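Structures incoming, each one as structure tokens.
Two complexes come next, and they have one chain in common, chain A, joined by chain B in the first and chain C in the second.
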Partner chain A sequence: MIPPVDAAPVLQSVGITPIEIALFVFVLITAVLTALFRDVLAAIVVFAAYSLGLALIYTFYRAPDVGLTEAAIGAGVTTVFLLLTIAKTTRPATDELFEPIDWPAVAVCGLFALVVGSTLFAFPAVGDPLSPILQNGEVTGYYLANAYSETGAHNAVTSVLAAYRGFDTFGEAVVVFAAGIASLLVLGREVFTT
Partner chain B sequence: MSDRDGSRPDERLDGRLDSDGVARQRPVYSESQVIMTTVKVVIPFVMTYGLFITFHGADTPGGGFQGGAIIASVFLMIAFAFGIESTREWLANSLVVGLGTVGVFIFGAIGFGPLLLGGNFLEYTRYEPLLGDLLGLKEYEFVKYGMEAVEILGIAFIVSGVLMGLFFALAAGYSPSTDSLAVTGDRRDGADTATMEDTDD
Partner chain C sequence: MTDFVSLLTTRHAYVLFVLLSTIGLYMLIANENLVKKIIGVNMFQTGIFLFFVSSAYRVGGSAPIVEDGGGPYVSPLPQVIVLTAIVVGISLTAVGLALSIRLYSEYGTLRADALREVIGDE
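Moving on, here comes the complex of A and B:
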């Protein structure tokens, strides 16, 4: 949690571990299943599992704040909202387990994945001490070196969110507030509860 | 309305086709002793965890956003266990709206305050000459506690309020729930109301 303040970058790339491979395979399978399942309820449940897998990956890569958000919002609240939505609508009945596969769509998605995937090789390895973020880390290094002395918060992420980049956070908070208002507007209601 | 009377025991819960081939809307709430007991046991821990994530966000992973979401999920769980409709009646609208509005107001006030004092947006240390002696805080402590205030009283309030509100607004659906509004505002969307009234009136 507490970043090493003055330590020289002694991080070493450890390559890809079996846990990472397992998590990536899990996320990939659940993502494909979300698209494939014909039953909406099954798709929602698998989508929640996908979010949980992503949250684990984020946590594994030392981003527990993002992991927490993904678990709470992605796996938790979004799933509840989606469940609520299918509870309010009808569900097309089917005996088939999977959607019929639309091969042109698969081709387009595959092409897109190839294009995006081709940039993967440009990324530095995880924890690579020669990566640009550590070599020219003026901004990152400043936060890591000064966040505690300037803000008194051990969690550098919080100090970036609430102090250094507080204006962005204010905008995001107002966006959340606006989303609540917009939902009332769309639903034609004046109150959330009675 | 449609939520309230949806607990007929013979209703199929999975929403699949009945034997006559008509897609029925599943009842939104069916009373379950297991779920109610589980939620009763789990709620104190989830609430504590949410408050911990919120209040301890400056020193451990987490913060107002994540904590607010977890706190809101407590109310979502209550709604799932004890019925959305009865939870909606129990939860005051002023609480939901108040959380969001007060959150934005506090965040905005703390943020724009330093502008009035001649500084930049969210420049916490500008409060020091004004309140330093009164609160007995050093300059850097203003940043720490200012951040805490923004995270707890700002972001956590907004997120928990809005998530709760979104949930109950979604659950209520398009038609306004109050009876006075139902007369005028009910029939604007024919397709939706048709499926929603397909339950068991």
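Moving on, here comes the complex of A and C:
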């Protein structure tokens, strides 16, 4: 009896790589420091470093569009907004470096992590070519096969974002517009009133 | 025990997703400063983005920039939804920060516990 042959030969085995370990440790350390720093300015600066680390992780996972967006918006625009906010309000003076740890909150978060974490055993391995998300020929396979001939964009992400799901992107633009209007209203800076 | 080892070595990105979301949730609950609460919301979001992007990953796959004879590619669809979510997330952050600035100009504090006291007294 002939054993079944895999649909796609596995060139590289799944599993954690040294690059991933280094990036994950960096992101985890910056995340913990963001949570613990008492000085808000220090937390904002560390959070920008955290976003940069995440952008690198996205790039490693072959999502250059997401990585660029995270670097521009997460590390760039968000940091500017946060800095503007503490410039317009206050940066509480403090002698202590770290916040005291709130143990009841740790217990609640631990419970959350336990509940979500217990589902992870059921997931396929990261990068497994046989995972259902990659075997979905009707949707993912269709986009990959027809993106260039139907939309003229080599980048499948662009063609889905701007062509196949253009209406959703329009809805996203509406959300940004609404957020801009809401911010102007809240800050009392609407320029169209007389 | 081997279950946990294989969880850490093969589902590492999902483990990081849980840890980052948990730290974000902790910031949201435990930090009294409104700006740090908003940073916590952002961190929770980025954890979920990591989950999406890593679930689209395929070992040995290339970025979904389609060329003749290329491939295999990672899945483009989770990346598209994450791009949308990042932009919606920054909108949310902007409105939250604007509300914080307004609260500060009304009540002179950004601490949630102090705000509860001031608003409770009125």
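Just so we're on the same page, the second predicted complex is superposed on the first by the 175 of 194 C-alpha atoms of A that agree within 3 Å, B and C clash if a C-alpha of one lies under 4 Å from a C-alpha of the other, contacts with A are read in each partner's own complex, and residues count from 1 in each chain.
Here is the rule we use: a contact is a pair of C-beta atoms (placed from the backbone, for glycine too) under 8 Å apart; a residue touches a chain by one contact, two chains touch by 3 or more.
Predicted, not measured: the structure shown is a model, and the values here were computed from it.
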Requested in this report: Based on the superposed arrangement, let me know which partner A:Val157 touches: chain B (first), chain C (second), both, or neither?
Outcome: both
Query raised in the report: Between chain B (first) and chain C (second), which, if any, makes contact with A:Thr90: first, second, both or neither?
Result: both
Report task. Check whether A:Pro129 is in contact with chain B, with chain C, with both or with neither, and answer first, second, both or neither. Result -> second
**Report entry** Comparing the two partners chain B and chain C, which touches a greater set of residues in chain A
**Finding:** C
Report task. Name the contact category of A:Asp168: first (chain B only), second (chain C only), both, or neither. Result -> second
Query raised in the report: Once the shared chain is lined up, is A:Phe24 touching chain B (first), chain C (second), both, or neither of them?
Result: second
Query raised in the report: Does chain B (first) or chain C (second) touch A:Val80, or do both, or does neither?
Result: first
Report task. Considering only the touch criterion stated at the top, classify A:Val176 as touching first (chain B), second (chain C), both, or neither. Result -> both
Query - chain B and chain C footprints on chain A, overlapping residues - result: 64-65, 69, 73, 77, 81, 84-86, 88-90, 92, 154-155, 157, 161, 169, 176, 179-180, 183, 187-188
Query raised in the report: In their complex, what parts of chain A are in touch with chain C?
Result: 8, 10-16, 20, 24, 27-28, 31-32, 34-35, 40, 43-44, 47, 50-51, 54, 57-58, 61-66, 69-70, 73-74, 77-78, 81-82, 84-86, 88-90, 92, 99, 101-102, 105-106, 108-110, 112-113, 116-117, 120-121, 123, 125-129, 131, 133-134, 136, 139-140, 143-144, 147-148, 154-157, 160-161, 165, 168-169, 172, 175-176, 178-180, 182-183, 186-188
Query - Parts of chain C lying in touch with chain A, wherever the complex brings them together - result: 3, 7-16, 18-23, 25-27, 29-31, 33, 35-36, 38-40, 42-43, 46, 49-50, 53-67, 71-80, 82-84, 86-88, 90-95, 97-102, 104, 109-111
Query raised in the report: So in the complex, which bits of chain A are touching chain B?
Result: 1, 41, 64-65, 67-69, 72-73, 76-77, 80-81, 84-93, 149-155, 157-159, 161-163, 166-167, 169-170, 173-174, 176-177, 179-180, 183-184, 187-194
Requested in this report: Going by the contact rule at the top, pick out the chain B residues touching chain A in the complex.
Outcome: 14-17, 23-26, 28, 53, 57-63, 65-66, 69-70, 72-73, 76, 80, 88-89, 91-93, 96-97, 100-101, 103-104, 107-108, 111, 121-122, 124, 140-141, 143-144, 146-147, 150-151, 154-155, 158-159, 161-178, 181, 185, 188, 195-196, 198
